[in-house]
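To start, the structure itself, in structure tokens.
Note that the chains are named A, B, C and D in the order they appear, and that numbering of residues resets to 1 at the start of each chain.
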Amino acid sequence: MNRYSRDQMAARVAQDIQDGACVNLGIGLPTLVANHLPKDREIILHTENGLLGMGPAPAPGAEDPDLINASKQPVTELPGASFFHHADSFAMMRGGHLDCCVLGAFQVSVDGDLANWHTGAPDAIPAVGGAMDLALGAKSVYVMMEHLTKGGDSKIVSQCSYPVTALRCVSRIYTDLAVLEVTPQGLRAVDIVDGLSLPELARLSGVAISG
Amino acid sequence: MIDKTVATVPDAIADINDGATVMIGGFGSAGMPSELIDALIGQGARELTIVNNNAGNGDAGLALLLKARRVRKIICSFPRQTDSWHFDALYRAGEIELELVPQGNLAERIRAAGAGIGAFYTPTGYGTLLAQGKETREIDGRQYVLEHPIHADFALIKALAGDRWGNLVYRKTARNFGPIMATAARCTIAQVQRIVALGVLDPEAVVTPGIFVRRVVCVPAGAAGAVHEAAA
Amino acid sequence: MNRYSRDQMAARVAQDIQDGACVNLGIGLPTLVANHLPKDREIILHTENGLLGMGPAPAPGAEDPDLINASKQPVTELPGASFFHHADSFAMMRGGHLDCCVLGAFQVSVDGDLANWHTGAPDAIPAVGGAMDLALGAKSVYVMMEHLTKGGDSKIVSQCSYPVTALRCVSRIYTDLAVLEVTPQGLRAVDIVDGLSLPELARLSGVAISG
Amino acid sequence: MIDKTVATVPDAIADINDGATVMIGGFGSAGMPSELIDALIGQGARELTIVNNNAGNGDAGLALLLKARRVRKIICSFPRQTDSWHFDALYRAGEIELELVPQGNLAERIRAAGAGIGAFYTPTGYGTLLAQGKETREIDGRQYVLEHPIHADFALIKALAGDRWGNLVYRKTARNFGPIMATAARCTIAQVQRIVALGVLDPEAVVTPGIFVRRVVCVPAGAAGAVHEAAA
């Protein structure tokens, strides 16, 4: 079966981010999106630890421990950047001012419920960070994830079995097999990887998907 | 490319619709966006709900918007002043609705709107006329009143300088309501004394990040204003 | 009958403000206190429209319309000053960070209820400004007022007949006749103007006052 | 004369008592007041409740305070990290209490404490494990959870520069929780890379007004820190 590569997935997400948008890219897979933002668009990156106008990673040796992103990796600031404290940063998120955020996920339900913070395993140490704030704060929430678990189970589900992050928050799902839109009538396929049919995608996903 | 600058003041406020809720920055005349208000008077929108600390002073700015009978309701903390004659006349004639809010609750309600807070318990106003009919609650032995956010369609504010991303810095006590109103409106319009190139404003000293601002229009300071700038 | 002058009242209030205190002086009579702050104490003045470290009125001709106090009069800034927006300024007040505020009043009750924002007259246009926030925010609330109305009625009352600003908020009352402390056991006279006895003060006030 | 500067780091934290609630600034190591924490370990206070975004990293700062078993409870948003082994061990052994709070609710609860807000309705966490047992309410068609302020006895924070009134400025993303923690504690103690004369900090760019700070202690940047300052 064909699959979109991680870079293809990132490029596909990047294509859906509009010129001028203020965007937060979550930890993990979503960070790849930064490498694929169209050069003819000016997109402002937000990091929840207090920076708008985040630039790419610094050159080796130019790292500044006071200038990091939410994953605690060194970053840079662009002309036009601004710094603010944590309450202001999360007010920005919760208040609906971000145009878009891109998040990883364990599961997404057909209603757009998101599970991405906790496996619920009895011995797991829970950690939530800013996941819940991002999931409900941004105007559009894009999820990037593998379509299936290593065991072959669908990560797109009728109802999340993992503890949810936020309810009915996801707008679009970008996987290695398809791009799906969450609509009031259920999931709709926007793109499917070459060689995969809509019925086969729905069968693999275990949920109804319209074309 | 992002360019939030707008060429003219009338362009900046052209789409303010009848019935809109409009926040107007300023504490008295400090920080009042006079040119934006004057343009709004010329533009003609009616039945407005205005949020401002005061209810107009003398024969300028907000007072003239009231005089032109464009305002259905005003939400403010301190309407009565020695020179609030236009408001006073409309109020006594029953031709304007007043929602009187303690100044700190006004500020916090505006901030709450921008911050996505659904409601909050404030001690201010408890046991007074201004909390009548509002839900109250005792928390840790202290009494509080439940207050709700104030959202707006538009915010008209004044800042010292801005850039094409909408980043703003203010000047002295003219900052007052500008930064919080910018967060609470669907469309924030800032008049600035000067527009600077991206990167000129110190990222550590930006007060309003550009994400909160939709339009920036340059209104150079007049003779009096030029003096301030020299002093700054 | 002897009376403290307005300047004597202001000086008496100033004497009770500690070195290092952050203080808000309300509109009207309280503004006089600034002229009497002891020179050997460093006291930081707050104005609710967004300035800590407010200085005296500027020299004629040096007024700056962007640098005003809550009464909208021109002021100056001292070295060490800081500017902030209205939500931050009132958070400072409501959060209990000011050491002291000095307010004028129409009436104060024996329980420390304050009425200073509205006469309640049917044709009066109400205006509250920051009065309610100041009254309940500062650690100590000092009231400065004439002891009696022009009609000879006491402004110190068993219960406020005017609409209240805040309940049980006043710490001390400075009048032209006395300085009174509000205690859980009622009012206690700290100072009385020369020539006035405690029983006579209580009779004029129409409430019980201990010595 | 007001002089909030303190000569030594141990002096600055000497009165932190057993059982105190202590906020500690920083997001990872950016903004973490390492020297204040090290002094607290040396000072010996026990049974502390710590408020921080994380639960310690590696073998430094907060992680060592945990390792020394001085912490009864931690309130944080993100305890689990690849190098949070000291917290992990205590947690799995049932020797530390964890209150897990979504990061935005953590920030807003700290801000609420400083701002005198009794409680607030937030949409964050609604319908999740982290809102179990909490009061909820529908406001204008949206669901909210009621959250309460987090007050502290002490806040230990790091800033770039401060003056004798306690005014502070920060550096880049090391600002994070410092300004709000400063407002929420009875006694805020700031370590700064340099103490400057009153009036040196730009009044328009002061991030934490001195009213929120009780003590300022100078901890010059080390070799690595000196590099940042040259770059600033």
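Brief remarks on what is shown
Assume a contact is a pair of C-beta atoms (placed from the backbone, for glycine too) under 8 Å apart; a residue touches a chain by one contact, two chains touch by 3 or more.
Bear in mind the structure is a predicted one, so any value in this text is a computation, not a measurement.
In this structure, the chain pairs A-B and A-D differ in their number of contacting C-beta pairs, and the larger number is found at A-D.
Separating the centre of chain B from that of chain D, both taken as means of CA atoms, is a distance of 33 Å. Taking each chain's centre as the average of its CA atoms, chain A and chain C sit 54 Å apart. Each chain gets one centre point, the mean of its Cα atoms, and the points for chain A and chain B are 35 Å apart.
With centres taken as mean Cα positions, chain D sits 29 Å from chain A. Looking at chain D, residues 108, 111, 115-117, 122-123, 170-172, 203-204, 207 sit in touch with two or more other chains. Residues of chain A found to touch two or more other chains are 77, 83-84, 90-91, 93-94, 137. Inter-chain contacts occur between A-B, A-D, B-C, B-D, C-D. For chain D in complex with chain C, the touching residues are 1-2, 111, 113-117, 163-165, 167, 183, 198-199, 201, 203-204, 206, 209-212.
Considering their complex, residues 47-51, 64-68, 72, 77, 83-87, 89-91, 93-94, 118, 123-133, 136-137, 163-167 of chain C touch chain B. By the touch rule above, chain D contacts chain A in their complex via residues 27-31, 53, 77-81, 87-88, 91-92, 100-108, 110-111, 122-130, 170-180, 207, 224, 228, 231. Chain B makes touch with chain D in their complex at residues 108, 112, 115-123, 137, 139-140, 142, 144, 148, 169-172, 202-205, 207.
Across the interface of their complex, chain D is touched by residues 19-20, 22, 42, 44, 46, 52-53, 77, 79-84, 90-98, 137 of chain C.
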